[in-house]
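First chain A sits with chain B, and in the next complex the same chain sits with chain C.
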Partner chain A sequence: MRKVWGITKRELMTYIYTPMAYALVAGFLMITGYFFSMSMLGSRAASVQSMLGNAGLIMVFVVPILTMRLMADEDKGGTSEILFTTPVSMGQVVLGKFLGALALVTGLLAIMLVFPLVVDQFGNPDWGIVASGYFGFWLMMTSFLAAGVFTSSLTDSQLVAGVAGVALLLLLWVIDWAAGSLGPPVGPILAELSITNHFVDFNRGVIDTKNMVFYLSLTFGFLFLATRVLESRRWR
Partner chain B sequence: MKRNESRKFDPRSLLGILALVALMATALAFLVYEGRGSGVRIAGTAAVVLVIAYLASGGLGQLDFFRSRRFFRGSASTVYTITVIAILVVINALASQTNIRWDLTQEGMFTLSDQTVAILRELEEDVHITAFFPEGSAISEEVDTLLTEYQYYSPHIHVRFVDPEREPAVARQYEVTRIYTTIVESGGQKRAINAQNLYDLSGYTGNDPSEIHFRGEQTFTRTIMQLTQNIEANIYFITGHGEADLYGEYSSLRAYATGEGYTLRQWNPGRDGDIPDEADIVVLAGPTRDLHPREAENIRDFVDRGGRLLILAGAAPGDEGRFPNFDSLAEHLGVAMRSDAVADPARAYYMDAFSPVPRMDYHPVTSNLIDSELLVVLPLTRSMYALDDYSGEYEANRLLFSSPEAWSETNMASPSPSEAEASGVLPLGFAVSRPDGEADEEAAEGESGEPVAIILGSSAFLENDLFGFQGNSDLFMSSLQWLMDRPELIAIGPKRPVPRQVFLSPDQGRLVFYGGTLALPFVVLLVGGVVWFRRRNL
Partner chain C sequence: MYMIEVNNVSKNYGDKVAVKDLSFRANKGEILGFLGPNGAGKTTTMRMITGFTPPASGNITVDGIDVVEDPMEIARKIGYLPEDAPLYPEMTVADFLDFMGEMKEVPARERRKEVDRVVAQLELGPVYRRLVGNCSLGYRHRIGLAQALLGDPEILILDEPTSGLDPRQRLEIRDLIRGLAGRRTVILSSHVLPEVQQTCERVVIINEGKLVAEDTPSGLAARLEGQSSLKIRTRAPEDRATSILSGIAGIIRVTSDPTGGSREAPAFVVEMEAETDVREDIFFRFAGEGIPILEMTPTGFSLEDIFLKLTTEDPGRSEERREEATES
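Moving on to the complex of A and B:
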């Protein structure tokens, strides 16, 4: 675990010392803040549900930029050989890097708590819905980050990793659009795979273990795939 | 030399590629045609033939790759990966079946009542709910959310949403002619629920949509209960004497009451015979001709045997003596009908004196209306009074009455009070009950023994154009509920969410906008700048 923590700390420090991370976070907060204020001024609703829904879509584009360098950078910087020969398992490397990115996104989510606090100043938000929504958003982000780690493991090009990450997350975001038209048996499967469908309950104040298991499975699945891809380099 | 040989074209490779293409075509055809059709059979047969031909030709054997160490490690890795993914799929499937939900909303908006949960947990037969709603509509979301909770408590609840514009054939199959209709089926029976059955409009003043409350749980639970427990509530509307038509001026009433779980039928005693035993309530709605003596006797016997009667009389100015059998039926219940039309200029609907807005006595039938401050308008209503010298077994309690300025008009062509006509506070409706041993105790709470009949002076207040007016439909439904006297027809209150609004002055609005859009990102950039500057100068 100490090895994982070491990698996590290194990744987090890399983010903290990189101007791009600040620019990315600032850009995200600007767009999210715009959606938040527009929703609040337009509907006068004392809630952050709309803001969280929009923020999820923005993260489809932000997360792959955050994660694209995680694995691809090791190849480009020539450090992958060192990494692969150290007494650290691939799983530990992947987990450490994932947790580093997750720590950054968790910090971002903490900053986003400003929005419900603003609502509380001028209205009476349902804090149960806020808590459930933020928890669901955090879980959704874990699966986003894992998907980003996976696409980053596929290539040594950061650009390709980023584009692939966006494509993958966007596909998971819209995959249920076709569910209604296709009908059974494919339609329900697509609806179940939708990353947004599982967030709906959270964002209206309902925590369902089924949705938690979905996000955790997705997270584990992508991290596992990333590990398999990296391990395959040893024998390919 | 060997390399060049290996690059030579081998027809068996083509066979392998064709087999692969055929397999993919089969999978695609299976998905497109949902496993049916000749396309699947043709592609499937071709794939099988090509694969066998490829294997028979020793296709696999020509590829050194398949014998390599890489192939075996890759295969092992692939099997391992597929196994893990399969386990994840199984875990998710199990999680869907055994999930636990927590409703964190302060008002418990997604928590079903104990009655609903108990009914759902005891369900033993499948209930199919097909909702015909346009995709993305607000009502669709509300119903979807509610029925998702139902499905959580019972695997027997099957829900399907159909957009009638995109799937008109399905709508025709279910004989659905109105959008926002939901069909609930179980055990070979089905009921239609309309949008108006899903909302409580009693507090709606016409301005604030938040005054409309969703009461879908009440409607769906009651319907499921009635279908699965075979609870019948048969209402027979007598016809043959010019009564209101369930498929004409009472069609809104029919749709609404059907959605509330009642079965409405029209019954012409002259054609269909005596009232059947399965009838729970018989309704006489605005007869314009008198009943035949035998028909009146049949209804009287029905009531004396424990059947329930709803009389919606309708104005009859100057018709003294034209309805002897109808009048005798009312008198059997202790109420005498006047042959008049009530004029009440002091409490009239849009200054039409012949459309009184009556006051109400507190009674189980009217209590909800009084509590909700809902009005009822009774156009063309007849007045009535309790017989002083009544010696029958029933007891009539006044429900509705006019203002003191009202009078009983016998000539609507020249409406004005005359000494020959009754005036002052005129009763416009009675609830008739059969006193019993418990009557005295119940009377103290506004109850009055076993329900027998309700007599109202107007039938026009339930016609399509007035059915939705404030408390009109509520008066009708509460009359049915009181007459049914069935505790199993449960009432689950609608969810009433606390309005959650923000109140911002223009200055505060600008503060939220600029603060949310610019201040927060600026702070983050500032911190980033400081960190970067310090790192650069290390």
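Moving on to the complex of A and C:
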């Protein structure tokens, strides 16, 4: 566990010392700020639900850019050779890197708390719904990040990892669009697979175990796949 | 017991054979030089010993442990400097070494002391707070070496530890590696012969993935010591000259040298038995046949020649080199 923390610390430091994360965070906050202002001016409702819903879509593009270098860069720079010849397991590497990116995104969510605080100045937001929405958003992000770590483990090209990550998340985002026209039995399954459907309840203030299980299994599933991909190199 | 045993190991990358049926051993506490031209399979072999890539067939044991079966235990025993010393450029030297120490299970309490030790040993003081990416190539190489030494591993695998260094740094690294002898088992690869000759107790030469020779540097030299060769050019057809030369006692081998002669006056390289001088015999024999000798130049063998001899299939090249050496 100490080694996992070491890797997490290193990844977080890399985000802090390189400009990429700042550009992404700034861009993301600008766009969510715009969403927030528009929904405030349009609906005059004391809530951040519409902003959070839209922010999820932006994260489909932001998260893969954050995670694309995590594994791909180790191969590209040859540092996988020094890292994987230390007594550290592939699972520890994957988990450490995932937690590093998660720490950054958690920090980003903390900054986003400014939106409900602004609402609080002028109205009475339902803090229960806000809390549930942010918690759901954070859970959704764990699955996004895990998917990004997975695509990054597939290639030594950051660009390919990023594009594959966006494609994978977009697919999971729109997968239920066909649900209505396909009908049972395929339709309901696709609807269940949708990465956004499970967030809707959270954003309404409902914390359903089913939705939590969905995001957590997606997260563990992708992290497990990433670990297996890395372990498979021992057989190549 | 041997510290490192490589048994009939093969490895392919697609159709390309990287290592083929390679076997050699390293004794505990010795410095083994791993020599071969670029692309001979040195890096692949070292990666297999560290457990980074598995062998396709055959097996490798380190201190009795199979590298495929227990890669974690192997990783604890080996300090590894990969080719070109890959590092994390966005970290400071201090953070990088601390991180690597953490990965190598150096306890938190001792880590600072351990980092200080390797920093002193490789004289990294001046760049301690600098970003790795901003360090010169020489420093980066030493940082890579410092990283390999962290945790005081029993075995060091160093892939081209002195490439990209200036002569003074080369000398320092060489001294450092020699200072590690006895306590640790070291395998270092190089394509620079004198370096291996001066540092290593034993040398393994590979070419195109196959073992070519395994001996001490002096043993390798002794194989051809005292033996010398002559370059000869006569005005006689090639087969005629060859048959005359082959008939002289003391001559081991006659090879034609297509670069040094012409059709009417072909050139040959003649290898002689140790401590024999057949020059007079050659003179009188050709004189007896009425064939003029146009040129007769004695050439010696250097370790460089041995290396080229062992690792080049094309005989023309080593002859060319020898010729250059004679001319200069």
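Before moving on, here are some points about what is shown:
Everything below uses one rule, namely that the second predicted complex is superposed on the first by the 236 of 236 C-alpha atoms of A that agree within 3 Å, B and C clash if a C-alpha of one lies under 4 Å from a C-alpha of the other, contacts with A are read in each partner's own complex, and residues count from 1 in each chain.
The working rule: a residue touches a chain if its C-beta (ideal position, glycine included) is under 8 Å from a C-beta of that chain, and two chains touch if they have at least 3 such contacts.
Bear in mind that the values here come from a model prediction, so they are computed numbers and not experimental data.
Annotation for the three-chain superposition on chain A: chain B and chain C fit side by side.
In the superposed model, more residues of chain A are touched by B than by the other of chain B and chain C.
By the touch criterion stated above, A:D156 is placed in contact with neither chain B nor chain C.
In the superposition on chain A, contact of A:V206 is made with chain B only, not with chain C.
In the superposition on chain A, contact of A:V186 is made with chain B only, not with chain C. Contacts of A:Y17 after superposition on the shared chain: both chain B and chain C are touched. Contacts of A:V119 after superposition: chain B is touched, whereas chain C is not reached. Superposed on chain A, the gap between chain B and chain C at their nearest CA atoms measures out to 7 angstrom in whole units.
Within chain A, the residues touched by chain B in the first complex and by chain C in the second are 17, 235-236.
Only residues 2-3, 6-7, 9-10, 13-14, 17-18, 77-79, 81-89, 233-236 of chain A touch chain C when the two sit together in their complex.
Listed in rising order, the residues of chain B touching chain A in the complex are 31, 34, 69-70, 73-74, 77, 80-81, 84-85, 88, 91-92, 95-96, 99-107, 109-110, 135, 145, 163, 498, 500-504, 508-509, 512-513, 515-518, 520-522, 524-525, 527-529, 531-532, 535. Only residues 16-17, 19, 21-23, 25-27, 29-30, 33-34, 36-37, 40-41, 44-47, 111, 114-115, 118-119, 122-129, 131-132, 180, 183-186, 192, 201, 204-210, 213-214, 217, 220-221, 224-225, 228, 231-232, 235-236 of chain A touch chain B when the two sit together in their complex.
Residues of chain C touching chain A in their complex: 47, 50-54, 68, 71-73, 75-76, 78, 80, 82, 84, 86-91, 95, 99-100, 102-105, 108, 144, 147.
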